[in-house]
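Both of the next two complexes hold chain A, though its partner changes from chain B to chain C.
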Partner chain A sequence: MSAMPGVVAINTFREAVRDRVLYNLVFFALLMIGAAILVGQISIGIERLVIVNLGLSAISIFGLVMAIFIGVGLVYKEIERRTLYSLLAKPLRRWEFLVGKYAGLVLTLVINTAFMTVALAAALFYVGRPFVRSDGSILIAIYFILLSLALVTAVALFFSCFSSPMLSTLFTLGIYVTGVFANDIRNFGALTNNPMLKTLTSAIYYLVPNFHNFNSIAAAAHGESIPFALVWQNTLYALMYIVLLLLASSAIFSQRNLK
Partner chain B sequence: MWIALAAIPVLFASLFLLQVRIDARTRTEAQAQQELMLRSPAAIDKMSLGYNSLLADVYWTRAVQYYGSRVATPHATFGLLWPLLDITTTLDPKLLPAYHFGAIFLSQTGVGGAGRPDLAVKLVKRGIAANPKRWGLYADLGFLYYWHFQDYKDAAAAYLAGSKIAHGPSWMSIMAARMDQKGGSIETSRMIWTQIYDSNKNPTIRKMALDTLKGLKAEQDEAGIDDLVTQYRQRFGRPPSSTAELRDTGLLRGIPVDPDRYPYVLEPDGKAALDPHSPVKIPRVPKTPPPLPKN
Partner chain C sequence: MNSPAIDIQGLTKDYPVGFWRKRIRRSLDNLSLQVQEGEIFGFLGPNGAGKTTTLKLLMGLIFPTAGTANILGRSIDDVAMHREIGYLPEQPYFYDYLTARELLDYYARFSRYSAADRRARVTRVLERVGLTGSADVQLRKFSKGMLQRAGIAQAIIHDPRVIFLDEPMSGLDPIGRREVRDIILDLKMQGRTVFFSTHILSDAEMLCDSVAVLHLGKLRGVGAPGAIVSMDEQRMEILFEPGQGRSLSPELAQRATPVGGRYRLDVPEAEMYRALDELRACNARILSVAPLRPTLEDYFMRLVDRQPEQAAATVEAGTR
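Right after this comes the complex of A and B.
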């Protein structure tokens, strides 16, 4: 494997920084400061809980917005600007371009999330709470959010290989929402007496990425420990799905007529 | 350009004034008719898209605000309190403050709460089902049975169950035994309220506990003075007209005062009572306890 995907990834990250994507960090910091100051005044007994819940939810929502809206334009923008042609004229294969683009956006999300994590820790420190061992579950929850964001990015990239940004956004959002409700969809099928519907809901359950797996915000907020088995199982699940989507994306993109 | 720059602040100021007028017309009505657009906890849980714990915090804050806006308001109703707590605890079954404080908001009678101890018991039982290792919830349940239902058997059972939990405090087993022996005594009530006062950091709850403790102390003092009045009556064949007479006959060392330093007074029949100006209030538990909720 050549170093080209790495070069593409670095440039994708630089482009995101140039597009002032990381400005959302300012908003996140303000949100954390506001919550830390306000919540104690308007609620009872949940100062720490709100900081953790709000922090983790904001990390997830901001990341999700970035992953979807930047992800769906990763390929399309390059085609629109016609920069893709000059790139592919270099010794860069189409799949390398895709992997590089994907890695660049994931790198952006990782750096964005890292800064948000620091802001969250600062807010927790501000509300006068010493860090304890169970805070490890907050870090694990953030890791799970990153895994889900990496997966959403792969879904967005997949759709962007053959569809317009508008449709890709709708498709990605649809897959995400279906993935969040995956358990409910299967349970719905199990409740019916229709074997065909049962098979269909089971198929959907196993086909769409199960984003419910990666949600451990509540557990982290309550300081509950997250089993190590879940960490490696979720990691493996996300990796396998991402590889699957990147392979499918590469297959579609390599066949696409760019003339 | 200059006209636009000048017009913007003028328009903002006009908007501000207009909003103030709209608020004046609609606020009272809106407060009275505060509504919950969605009442199904399960539906809200599904719509939260996985951010249910954050949404639970929002609903809990709303419940606190709702309670705060009505508490101490005569004739205020708390119709939305249970739905808000129901939604909160469905969204996050581990949100312990919602059970603990929510039970107090629901159970308090008069202007202090919704006067629905039955719903408070339901809430705390739900909390125990979701958090069986939290001894504090058993203490809350024991308190509800003791204070609002005078059900000393179930109160003792709740305290005993809590005392068996790992890291549960030793006072819970003492409380369980006390419930069995001296369920309805003022001493037991003072013990429970002292525990509530000591274990809470929230100023509203601490004030409520302190006020109740003062009232219980006054109730105990009044019982003591009544005993002395009986002795006085046996000696002189009539009730004393004031506590000063009790002091003058040597039955009291001085003029007894309530926890807020107001002297006790004697009613015409000789019964001890609080000074009418005293802010101390003797807690009145219902003579006929409300029916116990079904499981």
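Right after this comes the complex of A and C.
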């Protein structure tokens, strides 16, 4: 396996850190502190539910904003600023560059999410709730959020290989929202008698990644256990899409003239 | 004879233009040339001549419409060949959140050097380009000239055998230009091949073993700077004083330029004897007859002046 993507990934992570991307953690920490103080005063018995719900939703939204807005600029920024020219003159293949950029942003998201998880745990600890075994479902829910973020990043990277950040943002958001409502789209198709609409809704259902599958926030908040099989299924599902998207991105980017 | 360091055969690049992208603009037209190992090769041409297009094709940043090119005997499609080449893009811009030292370390990692080797190389190259004092300053605080030096440093950090520099003197003050010239000459002393594009002809004349002149995407001439200018029409300068009692013919009077009490006549070599006969017939006192040593700039300017119609024609021809 080539070590080149790793070199690019570390630099992409360094860029995110130096561009103060991780400052969002301060906002998250403040949100958790505020929520913990407020919930501690007004809620009786449902502190865990509120804190976990709020914390996981915030982790998901903060991560999503990062994945989309940084993801769509991963390639575009390098071309626009011409930093890519001197880079591709090194013994670096275009797919290695793409995979490196992707891995760098995913690494940033993982570290960002890890810090947020610690802040969430601190907030739960503050409201005086001891940690129990079923809290494992919170970690699984966070893992699912990370899988969905990795998938969103791959979508954003794919679009950034051939379109502007503005369009890439719209496309990626469009895919994400469609994926969140994938089950509803399929159900809508089942209700209609229009064969064309049926075909269209099932095509969307099978083509667009189903982001609904990665949402276990409610289960985690209620302390319900999450079946282990779902962990494998979601992991394989996300990996399959990520690999396909990276292959497609590489194929497009390898043919692109960098004018 | 050794195989050339750079061998370009019929390289052509078309870009689709217009709303439907059906029309074609030809940026480079059937370029063929060879650069021998160890020489400094100047790639000359005005803005829009196709110099940067050629360099981008050689670096694999864009893909040719037709033609092939080899560097050190290996196809430009072979990314592994990039271990042996260095490239400074035109108006370089680098990751401005990095310091010069970090930038060079980053690029050196692609050549798989050990950490200790990288440190030593970075220190050496920073010193070579005169950036030791700014090694730990973020590039966002660099001036244009400093960025240019950082760009040259990254191009040579891995000791490449062939170095491509796109307008390396651009944006530099006279001291900076002198330093870059020294670096280029130093690279040649080390046996490296340097291929650099420029529109500053005095630099090319001073440095290059060979030059190629590109205009509107077409190669107009290639060879040693001395040979390429002499391919053009040789001109002679006749310095004379008008004779007593006889005036110059109207034609000569029109062509001669007064210089103090004397006249200067610039004529093509083929017309020199006729002009001398005319001057003798007018009793003019001939003070000197000397060949005009044309500069690369003279050659270049005549070439560009001569071909405005061709310029339009080339653009149209590219529109299919």
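In the analysis below, the second predicted complex is superposed on the first by the 253 of 259 C-alpha atoms of A that agree within 3 Å, B and C clash if a C-alpha of one lies under 4 Å from a C-alpha of the other, contacts with A are read in each partner's own complex, and residues count from 1 in each chain.
Just so it is clear, a contact is a pair of C-beta atoms (placed from the backbone, for glycine too) under 8 Å apart; a residue touches a chain by one contact, two chains touch by 3 or more.
Predicted model, so just to flag it, every value in this text is computed and none were measured.
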Discussion item. Following the superposition defined at the top, how do chain B and chain C come out on chain A, clash or fit?
Written reply: fit
Worksheet item: Does chain B (first) or chain C (second) touch A:7, or do both, or does neither?
Response: second
Discussion item. Once chain A of both complexes is superposed, is A:215 in touch with chain B (first), chain C (second), both, or neither?
Written reply: first
Item to complete: Give me the angle at the C-alpha centre of chain A between the C-alpha centres of chain B and chain C, rounded to the nearest 10 degrees.
Response: 150
Worksheet item: Is A:24 in contact with chain B, with chain C, with both, or with neither (first, second, both, neither)?
Response: neither
Item to complete: Could you look at A:180 and tell me whether it touches chain B, chain C, both or neither (first, second, both, neither)?
Response: first
Worksheet item: Who does A:57 touch here: chain B (first), chain C (second), both, or neither?
Response: first
Practice prompt. Figure out whether A:15 sits in contact with chain B (first) or chain C (second), or with both, or with neither.
Written response: second
Practice prompt. Quick one: minimum Cα-Cα distance, chain B versus chain C, in the superposed arrangement, integer Å.
Written response: 27
Item to complete: Take the contacts of chain A with chain B and those with chain C, and give the residues found in both.
Response: none
Discussion item. Considering only the defined contacts, which chain A positions touch chain C in the complex?
Written reply: 3-4, 7, 11, 14-15, 18-19, 81-83, 85-93, 255, 257-259
Practice prompt. Over in the complex, which chain B residues touch chain A? Could you list them?
Written response: 46, 49-54, 56-57, 60-61, 64-65, 92, 94-97, 100-101, 202, 204
Worksheet item: Across the complex, what residues on chain A touch chain B?
Response: 39, 42-46, 49-50, 53-54, 57, 60-61, 177, 180-181, 184, 211-212, 215, 217-218, 221-222, 224
Worksheet item: Quick one: in the complex, what on chain C touches chain A?
Response: 15, 56, 59-63, 79-80, 82-83, 85-89, 91-95, 97-98, 106-107, 109-112, 151, 154-155, 158, 164
